[in-house]
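Below are two complexes that have subunit A in common, paired first with subunit B and then with subunit C.
Up next is the complex of A and B:
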């Protein structure tokens, strides 16, 4: 009986943490001019979702990789590369979005696939492979953009011309019904899709098996190489998706976009409670992790906290979350 | 099978390394320099080409040098790393440059390499950020306090001395961030009805600025002006106000700094921003000074660059200089 209660509590602990954070934020929230709680407005909630969506999309792909016992440091750079590539194609080269979107997603998946191939085929540590890709993809971003932001105003024959924003940028940057951000929908859809993939497909179950015990998985007939390569390819694909969202929200392709985002994505996965050693965790936990970071960030921003205090708070929360999960397992 | 593919990968890697080592070999003639056949070599050490403003600086140097066939500029980027930039200076000296232009990342770590070059008899032009001491030939830079003050004056004038302001700061551990704030505060000091109601450190980043502006919008029903320490932050703030869907982006005045042709100036032209204040790169001026120095003329030790501003009223006529 006690075991059962503990199991239930254990399983929903991340949810409890999320609820606690939410209540805390609401209690601490400043009021606007009319005395209303600024945190508890629909606007604040959707703003948070918009800002976190890029990290969230990265974290969704990252979760698959971490479940398989790996890590992907290259997602921030792949985000930057695809943001630039997409802006370059649609703004500067007038490629219609119908072609540019699949091309950029394929580019991201391909770079992720290279990660996966190197990890699976040569058995190089994922940390090293994706570290190399992190540097290479950032280089590619600067190569395509020439180091400048790829924006609607650019030099042509010595004169500055301004092009209109491609409609796809406005579509992704829009809010449904004037309130719900489209990038938030993209993020939630990515979570839902990969949640299904991790839970209900053979591919997902193989990732859990590999992360749990790679040798055992291999012996029981799992095609370890393919499953791993697939995880990295999906992670690259998600990074590309986040790249499109980034370009749309900045209305330009910034070659520096996404720098250090990989760390926030990993932090979200860890705060959720997915084990970095692999084999244990889930996509819904990652959603919780993203929301916890988002809420904390939101309340610190609303209250106008200093950068120094924000960084310390974020670090402590990561540590705290991991400690809580440690207790849970003992 | 497995071994073979590893061998293939290894040999590919080794040949890549070999190719990289062999590539940049070239001999330098030893006759008198300063002719189109044997141009003066100028080394340009840039601290971080990750910033668009610094990309513009290199472009200004390159464009100015292109007018002079007797000059040849070698560019090198320290990728935002002071220690790398120390090595960059040594690399340029080893390549036999006649003059060094450096835009240092930080003063303290780069003072010694710059002084070493200066003592060897290589003239040094320091751009934008200073080094410590006096061991350089010429410093060229703009005045961020003055620019911050000009932005403050513009806001006071444009609002009749009565407004609420959101200040989106640059990285406040950096000197430009501190000075753009200081000058601005000096300008609004004597105006009790000009109030900064919200401020945040956006680290020069547009996504940060957009998020902070969303917070400001949800807390304050009346915002008249956004003062951003750089143009991307002002752009991010505009997008936040537009996304809010209450039409506030048309009411709020967005003011930024830097005025790069494809950023701030284009935003003012498009009606996104209301004013932008140029922070000149000094790239062209550096080449002018370099030519004077190489021809043996005397140059001043300190050059403070003038600045321009662009707003709704003067954007078509190419902005206006600030005295």
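Up next is the complex of A and C:
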């Protein structure tokens, strides 16, 4: 009986942690002039969701890679590359979004696929492969943009021209009903989709098996190479999706966009409790990890802590989360 | 039991050593005396407890009860470091050199000579290494990285390392099993030299010529029990084999009734080489297997029987020179997924390392090799998974809290049942069983025997590798004995006796019979 209670508690522990963080944030929140809690406002919540959408999308793809026992350091750079590519196509080259969106998503998936191919075919460590891709993709971003930000105001044949913002930028940057950010919808949809992929598809089960025991998976007939390549391709695709969101929110393609985002994505996965060694974890844990980081960052900024202090706090939280999980597993 | 000359006390005695692993008695009340300047062979079947006993001696494992006396005084050996202090060194089958470091660094590792400035004194280190190697009659380059040396040369470096630490008891675990003939002869000469210098050597081996050509005394273990210590002169070969296998064949192992049917598998000239050393593991084996037949492959570690199963399943990539047919159709091993499609299933001999995905549940493990049966368009139906796996798990009498239990929480016997369930769910025609009852309790063992027989009666062809002779003799319709990668003898059920099979599996000079 107690075993059952403990099982239920164990399974919902991440939710409990999320609830605890939420309550704590609400309790610590400063109040505005009318005595209302500034953390518990709809605006504050939706702002936070918008703020964490980009690395949340990255974390969703990252979760698949980490479940398979790998890591993907290239997502921040792929984000930057696709943000630039998308802006370059739609603003400078007047390519309609119907073509540019699939092209950019395909480019991201292709770069991720290259990661996967190198990891699977040549058995190079994922850390090294994706580190190289991180550098290459950043280079590609600068190559496409010529090193400058790709914005609506630019020089063409010696003339200074200004172009209107493409409608797709406004669409992604909009808020539904004036409140709920579209990028937040994209983020939640990505999580939901990959949650289903991890939990209910052959592909997802194979990733868990590979991360848990690659040799046993191989000897059970699992196509290890294809599954791994797929995980990295999905991660690249998610990075491209985040790149579109980034371009839309910044109204331009910044070749430096997404730098160090890969670390935020990994942090979210780790805080959720997915094991870096692979085979253990889930997409819902990653959602919790993203929200916990977002909440804590939000409350610290509401309390007037500056960025330096927030970074230090984030680092400590990552450590604390891992230590907590370590104790659980013993 | 007394030593060679009872006047001289042993330098080391192990008294009443017992050790349990889970529900298995690995050692019960084993005693062992070691005298200076002797070679004592430690003999027994796989799983007899030799390695566990030596792990305890070298501080890598702790006994549940019993004591160790060094020079007549009780010694506490709880760690390899303490064993080293008692001047005991073990040389493992898997050599433990640091490949990137030089021979000299490896020999002196742990006690590197220092200069005045606390830096490594490389000159003194090389001198010391050369001195020890010279004592062993070796002129190895002390600056060569250890990783590039042959296995034989690495063995010598290991011995030199032990001597640099003043070892007076040296435990060697099948040191010649991976060596070519000439290197093996050199090593044996070296062992004799060390012995004449007063070093005591405990020598684990399966090879008759080493037992009778090298050892001063033999100690036999069986099923974790001490059987006896004797000099080779007083223990002729036939008697030794009886000591090793001497239990009565258990009446418990049931025989299956069905008769072998049409041919299922033919293998011609299968050869497998060790990917690292290039040594042949399986050296030109041919065999046939009929539907509903259980063919046992007898052999000790290194005989190649386990590698043969792996090679057929495509575990080591594409093996050299072979022709295989399954069900009359040619089959080219090299890819486990293709082997599964052809109807083969491989139960590996180490379920934790290569059989199960420990973080996953019973259901997920059971379905791993046949998940597409429960999926449509890539989407897995959990209900379908349950519908497929539940009857098989029930047939195996799996005892688990639920099919959602993490498989790592189950007992060894139940874990093995999950591994078996995974293969039954692929509906195999050819079942390759490598140690199907290793680390399994008696009750589960019997259930697994009945399952193997039932599968044979259903027409599944089974290749069986097991280091437990009674199991092999009890289950197999036919037995091939293997030694050093070759088939040395074939027995029908009626012909096979433990002594004959063991003799064929240990003989190295016996000519190869047609398989």
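Quick note on the criterion: the second predicted complex is superposed on the first by the 330 of 330 C-alpha atoms of A that agree within 3 Å, B and C clash if a C-alpha of one lies under 4 Å from a C-alpha of the other, contacts with A are read in each partner's own complex, and residues count from 1 in each chain.
The rule is short, and it goes like this: a residue touches a chain if its C-beta (ideal position, glycine included) is under 8 Å from a C-beta of that chain, and two chains touch if they have at least 3 such contacts.
Note that the structure is a prediction, hence the values are computed from the model and not measured.
J.: After the match on subunit A, would you call subunit B and subunit C a fit or a clash?
T.: Here the two partners, once superposed via subunit A, fit next to each other without clashing.
J.: Should A:213 be classified as contacting the first partner (subunit B), the second (subunit C), both, or neither?
T.: Second partner only.
J.: Decide which partner touches more residues of subunit A, taking subunit B and subunit C as the two options.
T.: Looking at subunit A, the partner in contact with more of its residues is B.
J.: Contact-wise, after the overlay, does A:203 reach subunit B, subunit C, both or neither (first, second, both, neither)?
T.: It touches subunit C, and subunit B stays clear.
J.: Touch test for A:280: subunit B only (first), subunit C only (second), both, or neither?
T.: In the superposition, A:280 contacts subunit C only.
J.: I'd like to know which partner A:223 touches here: subunit B for first, subunit C for second, both or neither.
T.: A:223 contacts subunit C only, not subunit B.
J.: Write the angle, vertex at the C-alpha centre of subunit A, between the C-alpha centres of subunit B and subunit C, to the nearest 10 degrees.
T.: Computed angle, apex subunit A: 120 degrees.
J.: Check the residue A:37 against both partner chains and state whether it touches subunit B (first), subunit C (second), both, or neither.
T.: Neither subunit B nor subunit C is touched by A:37.
J.: For the superposed arrangement, tell me the lowest C-alpha distance between subunit B and subunit C in Å.
T.: 11
J.: Both subunit B and subunit C touch subunit A; at which residues?
T.: The answer is that subunit A has no such residue.
J.: Okay, in this complex, where on subunit A does subunit C touch?
T.: Within the complex, subunit A touches subunit C at residues 200-203, 205-206, 208-209, 212-213, 215-223, 275, 279-280.
J.: Can you tell me which positions in subunit C touch subunit A when the two form their complex?
T.: Listed in rising order, the residues are 313, 315, 336-337, 339-341, 346, 348, 353-360, 364, 368-369, 371-372, 375, 378-380, 382, 422.
J.: What part of subunit A is in contact with subunit B in the complex they form?
T.: 30, 32-34, 38, 41, 43-44, 47, 50-51, 121-122, 142, 147-149, 151-155, 160, 162, 173, 175, 178-179, 181, 246, 249-251, 254-256, 297-298, 301-302, 304, 306-307
J.: Taking the complex as given, what residues does subunit B use to touch subunit A?
T.: Within the complex, subunit B touches subunit A at residues 5-6, 9, 49-50, 52, 55, 172, 198-201, 203, 206-207, 210-212, 214-215, 217-222, 235-236, 239, 243-245, 261-263, 265-266, 269-270.
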